């Protein structure tokens, strides 16, 4: 059991060996036990397989009839889950790889996200679509993408991307409790990581703030989801080089307001914006735009995936995704 | 005619005549520039709406409709005034003027302007009703909509999971300007059965038969929670939307002579039909007048979703990482 | 017949009463006549109907068997056109409303856009997908959207959005000649407009530049596609108010490099970025990010569609889309 | 056995044994950590690849495959070394190491890792071959892939427009971990016919029969440019990918005893089979050694698409608007 939300400034209580994956599984276990309206559906989610990334493992056995293995039909999975949500249930749909969410784009954007508003608030759509995303496992061009940027700025749709510095289970519970559809992005490489306590702010989708080095931060990092895996070591290296930094790591990445975090961190003179996906019109573009629009922005550099397909060859994938080195280099370039 | 059949004939004729009158009025309102945008009328297909929807239970069932939804909406009991108001862009519209002609929602009635996109949603809602222990749904489809893959995913899922849902196909032979034979290979009515959905094919001339079929099929769906399909051959007498109609005029004429509404009217005593017509005319005229005079639609109060609230970081402590 | 490309600084030769729509139709006519590899496919594209927006009218009669009316199958339309392109043909697929491109997202992003790169340049995909987009006609939430921002930053995919200040037919010809897939966005409200001569730069997808007022520009506008309809009158009004402005109007909106245009326009101190779609991670976010990243950016304001569904009621739609007033107000707020 | 059948038996056994050897080697390479990522082997299903692909003409035809593509690739004549190199991430790989296991392209062979997404692309390529006047295609599909709507759009379009394409279903009873009966309602083999695609159903034990069927069907496709479907019942003896296999062990054992490769081997004189096996073992070992020693994959030279070039505005004049 994990608390459902975190208040401002709370250091959330985890860290006792619970992994990112287990936090999610536990949250679904709790949800299924506590709320008869909750159900899970997705490809191969039943035991003993427990889903391609094993996040639903153990659940179908404990909650028979409420964990549903679907056909390979992403549009129908999201569409049917939308109907279940309209009908008063609390479906959590799993898309096996985030890359496949593209088959359900219409159901998500032209249906689930629109209903509440276009039907004049006569319905709500408490739908959660979980999507394991990102690269780093040499799965090649169609199984490694970070496509969540294409779902930003969709009226009616929230996009939430936990890290192990948040409480992923609590975020999932918040998403299930949300009256609006939530696309819930889980970076594959985070699954095995143990949760770490961190300073978090805001509810129900808290933003984590990490500070490293001594004194006023010279650089502010903005990242989400899998980006955390480069930012934390980069901050350590920067601290060693005598450069203090602050990382802002929101869990909800749609409609994220960047400027206030920069302001409240003391307006560091430089900002490095990190995103695993490609740069064009992505999350970091939105962050940079907000900083720029507010006037007197810091100097800014984006660190993103290269503008090409994600190659299968592991070493090429490593070379084209962001890295700790790239984050450090960007920070140094701005600070010096 | 038996007593019951007589009553049913009156009900169906009234329903169909109301739909016809409302949609002819809509055509006129657009022609006169009193409405903006576009619309799709179901003139000629009213027997499907009246026949099928009347077999449903408004207390617990639901209806998924399409871009061509006014008839289904009215047959479900939707108010003409709310429909007119919706298309006039008025606060009192079915969806406060936000949805417009294709995007209606009211009391378990849903339509959307994306072909076949609602099919899986209907399956999901049907499953939720099954879980709740009561209620079934109907999902209307056109023949052109058989082009969309989402429909087949939905037929499969409905049959596989036992969704209490009646798919109703209104095959009017065309998708927009394109005839069925240029859109589909094989026999359309043979497709739902290939996904485990039993299908009854009928022509849609007689609303009484449609009603009986719909009653039989909904009974079956209620009994075993398995989906069924009612495949109706029909024809639209008007253009696809407000644009020109390029179909063969002789073809249209032939169908106009077999207009199910006219046929239904002939079953009633002239005087009774005249009375019904007069009442409907008055009701529709009143609805238009009231709707047009209603206040303009307002923007939604709450933008969706709201941005994340700004926390007060000032009070926050923090440890170095 | 129109020239296939425009050299830098050329004022393109149109304006003689040819409309945006006719320019496109004429280009397809020319292409079909000149190149046996060209073919058109889409819903209801045959005569006499000629497509929902009448852009293909007259063509099926002249080129029987090469203008194909499809089933209502957006995924298969784009997928089959991709296969035709791989097979050496030059398909132009029409999606009836841009809103429906969401049904073909997977075919576009996970197939057409990826093939060339992931197959190591063994194939090219000279595919064009035309999509009439945008609002202003009271067509309601599912027939009025500007969804092209969701297709920006896709490796392998170009996005081209002509205006009547470009030569739309020439752009379409360039897209057909392009070895890579092009999503070709046509704003519905531009169809009836007559082409206007303008200063254009670059090839094969030129950027139009419009200057208004006297002296150095105090504000620079960035816009594309349908945004032109507010920018031109806004510039006139600003000029009347004594404020000179320069409009940068690219036709290719993916991988658009904003800063050089601002630089070459003399770095006006203010920039107004205009986009009909919603703001979040859209085209204007990318433009703002680029200006910010380059350092010493102008003061920036985005003018975009409101963050909500597009209501059917005409007056509400008008109120939530950008407008000439909004562009003028943004410029005045920055300049004053 | 007739002379011709004998030669065919040797060809098919050699083909199947090569596929088996290559894929068992891949399994070992992954187990040993010499390859990254994951892969899907077709062990047990080789008769489908060998039987069908050999009926195609490498000069003018094409093959669309799936995530489980190695067998199809090798049967099409793809080099084991190029395949190993691709999975090792080497320059000499089929796609220079960019595609990896699921994303192969070579000489009219295409695979992609998205279920059913290639079906419409195959239809399009088939139509382009029809326009060119020669060549047909084959598109492989799994039973699980019948869940995807794009498949039905493609079947319809292929039949409607007469695409010279043979759909080949390898129904191995599972999609990943989920058995067919939990995925599909109705009889899968009944679906293509509902879209106007004639379908022949067969079990996939004997590659010679498969070859004859494929020959007959490709002849028909070539003759009238209408699509056909060959629906094969088969079984994979290995796990879905590199993860654990949770299927019933008795079921697996039963199928292992009926392994088509072993059956095929028994048709050949022992000595001949031994020789073939030895040669294949050597060939595969050489291929692995060569591929592993090949230079690492390089990044693509040209990013796609390039950004717009910066014009020289300096020279530009300009009129006020």
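Order of writing sets the chain letters: A, B, C and D. Residues in each chain are counted from 1.
What we mean here is this: a residue touches a chain if its C-beta (ideal position, glycine included) is under 8 Å from a C-beta of that chain, and two chains touch if they have at least 3 such contacts.
Everything numeric here is computed off the predicted structure, so don't read it as measured data.
Each step here moves to a touching chain, and the least such steps from chain A to chain D number 1.
Using the average of C-alpha coordinates as each chain's centre, B ends up farthest from chain A.
Looking at B-C alongside C-D, one finds more C-beta pairs in contact between the chains of C-D. Separating the CA-averaged centres of chain B and chain C is a span of 35 Å.
Remark: chain C and chain D have CA centroids separated by 39 Å (rounded to whole angstrom). Centre-to-centre separation of chain A and chain C, using mean CA positions: 31 Å. Centre-to-centre, using mean CA coordinates, chain B is 44 Å away from chain D. Residue numbers of chain B whose C-beta contacts span two or more other chains: 98-99, 103, 112, 114, 117, 146-150, 153, 156, 160, 182-184, 300, 303-304.
Of all residues in chain C, those that touch two or more other chains are 70-71, 73, 75-76, 99-100, 103, 106, 110, 114, 117-118, 140-142, 155-156, 254-255, 307-309, 311.
In terms of inter-chain touching, the protein chains here all touch one another pairwise.
Across the complex, chain C meets chain B through its residues 43-44, 46, 48-49, 52, 69-76, 99-100, 103, 137-143, 306-309, 311-316, 319-320.
Residue ranges on chain B touching chain A, taken from their complex, read 95-96, 98-99, 103, 105-106, 110, 112, 114, 117-129, 131-132, 149-150, 153-154, 156-157, 160-161, 300, 302-321. Against chain A, in their complex, chain C makes its touches with residues 99-100, 102-103, 105-106, 109-110, 114, 117-118, 140-142, 147, 149-156, 254-255, 277-289, 291-293, 295, 297, 299-302, 307-309, 311.
Residues 36-38, 86, 89-90, 93, 97-103, 112-117, 144-150, 175-178, 182-184, 244, 246, 296-300, 303-304 of chain D are the ones touching chain A in the complex.
Chain contact summary for the complex, chain D toward chain B: residues 146-153, 155-156, 158-160, 182-187, 190-191, 193-197.
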